[in-house]
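Following this line, the structures themselves.
You will see two complexes here that share subunit A, one where it goes with subunit B and one where it goes with subunit C.
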Partner chain A sequence: MSEAEAALEQVTQVPGVRGSLLISGGDGLVVAERLMDGVDGRAVAALAASLVQRLDRATNRAGMRAPTFVHLRGNSGSVLAAPGRSDLILVAVAAAEANLGLARVQMLDAVGRLA
Partner chain B sequence: MTEDIKTLTTRLAEEPSSLAFLDLGEALRRRGQLEAAYKVARGGISRYPSLAEAHDLLGRILGDQGDLAGAFDAWAEALRFDPMRIGALKGIAFLYFKAGDVPAALEHLRRAAEIDPDDPTIGQAIERVRRAVAPDSSPGGGSVSEAPAEAPAVDLPKAHSVPVQNGQVEQGVMLVDSKGLRLNGTLLSPTHDDVGDRVAAELAGVSREATRTSRLLGLGTWEAIAVESPEGNLYLVAPTPDTMLLTVRDSSLPMARLGLIAERAARHARAWLESHG
Partner chain C sequence: MRALEPWVAAPLQTFITESSARLILLMTTSGQVVAQHGFSRSVEVMTAAALGAAIVASTEELARVMGASRFAALVHGGNRQSCMLSAFGTPRGRWIGLVVFGSETSVGLVQLFFDQMVGELVTAAPREQPQPSPLPENFERELDTSLKELFGR
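So, the complex of A and B:
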C-alpha cells in the first residue's frame, strides 16, 4: 500500500466519513481517492482546492501563515481539508453525524506522514 | 417578531406577575429592540424592586444603549440585593476598565472569580485587563484609558469591540458585507497592523466559495468555516445571508470554544444590523 493509499485508508475508517481524497492544491486535480458511491471526487477536489486557496489568501492578508486545517460545516455535512507538503491537500467529506474530532486528528496525522 | 418573543409576550400578558419579563427583556435586547426591552425591564422592576436579576437585565440594556452611568447604577442596585451576582460584577468591572480605573476593575473581577472559580471567562478578563496595563503591552505606551480594549467578558455587543494588542492576534471580530466591505469591528495582524479591510476584501470570495461548495456537495446551507493557522484560529459564520462575521483568537483557544464565541458574536451582530439597518 502506498503512502497516499495508507493516508486515505486512515481517514475513511473514521465513523461518518464518506470518503477522502488527496488532491493537488494548485489545480484542484485528484491525486488519489477513496470515496463512497455518490460522492463526485472531481467536484470535491476542485471545490476544496478553491476554498482552501481563498482561505489561504485571507490568512495571508491577516499576516498569518497558511492554514493547517480547514473545516467547512454545512447543516447536512462537512468538508475537511488538511494542507500538507508539496502542494498536496488531504480532503475528507463527512456526514453530519461524523466524529469530526477523530477525523481531524487522523487527517493531521496522515498528512504529516506524506512525503 | 420572532416566535420566542411572541410566546414570551403572550405569557407575560396572561400572567403579568410572572418572571417571564426577564426572558422577554433579554430576548428583545438580543434582537436590538432596546427601547422595548427597557420598558419590559422597567415594568418588571416596578413589580419586583428587590430582584437582582431584573436590575442586572436593566444594566445590560442600558449598557447596549450606551447609557453607561445608568448601567452602572443598575448593576450597583443588582449587587445591593445580591452581592454574588456575577453578571453585575463583570458589568461594573467593564465600566471601571473603560473609565481607566484598573484596580477597581480587577477587584470586581476577582470577586466574580471567587464566586465562580470555574468560569473561564472571568480569568480571561483578568488577564486581558492585566495585559492592557502592562508597560510593554501598548506600542505607543499609552495609558489604560487610551489603550484599546475589549470588554472583560461582559455581555455587550462585541461588534463594537477592538482587539487587545499584546504582541499577537489575540482577538479580532469583524463584520463584513457580501461585497467584501467592512461593516464593523477590527482585525490586527501579529505586527499590530490594521488588516481588516484587506481581509474583508478576501472574505467576499470565501463566502461565495463556501456557498457553492456546500450546494454542489450536498452539505446543505453552510453554517461555519473553521480555519487553523499557526498564528491563530479563525472562525467564520454568516449572521445574515448577506454578511459574514470573522472571529480570530489565539490558537491556544480550542476551536469548539471559539465556535461558541463566534455564535454569540453573531447574535450580537444580528441585533446590531437590525438596529442600524
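So, the complex of A and C:
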C-alpha cells in the first residue's frame, strides 16, 4: 500500500467519515481518493483547495501563520482539510454524527507521515 | 462578455463568475466564434479561434491514431497564466471552449465549472437542426459578421 493509500485508509476508518482525498493544493485536482458513492471527489477537491488557499492568504495578510487544519461545518456534515508538505492537502468529508475529534487527530497524523 | 446567441449568455456568465477565468472563447470546431469574454481586439479572437480549433483537431487526430477515445481537455500550465482547451457536444454541433486563467483560480475549479457550463448549454440549446457548416466562399464573410457582432462594431 502506498503512502497516499495508507493515509486515506487511516482517515476513512474513523466512524462517520464518508470519504477522504489527497489533493493538489495549487491545481485543485485529485491525487488519490477513497470516497463513498454520491460524493463528487472532483468538486470537493477543486473547492477545498480553493478554500484552503484563500484561508492561507487571509491568515498571511493578518500576520498569522498558515492554517494547519480547516474545519468547515455544514448542517448535514463537515469538510475537514489538513494541508501537508509538497502542496498536498488531505481532505475528509464527514457526516454530522462523525467523530470529528478522532478524524482531526488521524488526519494530522496521516498528513505528517506523507513525504 | 458577448454572445452571438442569447441562450449562451447565462451559462457563460455563471462560468465567468464562478471560475474567475480571464479570457474565454466559445467556438465551433470549424473556428466560428460563438461567444467571447475578455478579448479586446477582434484580431486576437480570430487568431485564438483558428489556433484553438486547429489544436483540438490535431489532438483528436492524435487520439484516433493512438486508438484512444477523444481527449477530454488539454491544459497548458504556465507561470503567470494557464490555458485549457476542451471540445464538447451540444445539440447545435460540436463546440470548443478556450479558457485562459491565472493564479487567482485553479485548473480544478476551471474544469469543474466548465463542465457545469457545458451541462447548462446542452440544456439551454434550442432543439433545432444545427446550422450547416459555412461554405468556403461564405466563411470569411460569416466570420467577419460574427466578429462585428461580438465586438459591437
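Assume the second predicted complex is superposed on the first by the 115 of 115 C-alpha atoms of A that agree within 3 Å, B and C clash if a C-alpha of one lies under 4 Å from a C-alpha of the other, contacts with A are read in each partner's own complex, and residues count from 1 in each chain.
Assume a residue touches a chain if its C-beta (ideal position, glycine included) is under 8 Å from a C-beta of that chain, and two chains touch if they have at least 3 such contacts.
Only a predicted model underlies this, so the values are computations on that prediction, with no experimental measurement involved.
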{"item": "Clash or fit, subunit B versus subunit C on superposed subunit A", "value": "fit"}
{"item": "Which superposed partner A:Gly19 touches (first subunit B, second subunit C, both, neither)", "value": "neither"}
{"item": "First, second, both or neither for A:Val70, with subunit B first and subunit C second", "value": "first"}
{"item": "Touching partner for A:Arg42 - first (subunit B), second (subunit C), both, neither", "value": "second"}
{"item": "Contacts of A:Asp27 with subunit B and subunit C, given as first, second, both or neither", "value": "second"}
{"item": "Partner, of subunit C and subunit B, that touches more residues belonging to subunit A", "value": "B"}
{"item": "Subunit C, subunit A and subunit B - angle at the middle CA centre, rounded to the nearest 10 degrees", "value": "110"}
{"item": "First (subunit B), second (subunit C), both or neither touched by A:Pro83", "value": "neither"}
{"item": "Touching partner for A:Ser50 - first (subunit B), second (subunit C), both, neither", "value": "both"}
{"item": "Subunit B versus subunit C - smallest C-alpha distance in the overlay, whole Å", "value": "9"}
{"item": "Common ground on subunit A, meaning residues reached by subunit C in one complex and by subunit B in the other", "value": "43, 47, 50"}
{"item": "Touch list for subunit A against partner subunit C, complex", "value": "23-24, 26-29, 42-43, 45-47, 49-50, 53"}
{"item": "Subunit C - residues contacting subunit A, complex", "value": "105-109, 111-112"}
{"item": "Residues of subunit B defined as touching subunit A within the complex", "value": "169, 187, 189-191, 193, 195, 198-199, 201-203, 205-206, 209-210, 212-214, 216-232, 234, 248, 255"}
{"item": "Complex interface listing, subunit A residues touching subunit B", "value": "40, 43-44, 47-48, 50-51, 54-55, 57-59, 61-79, 93"}
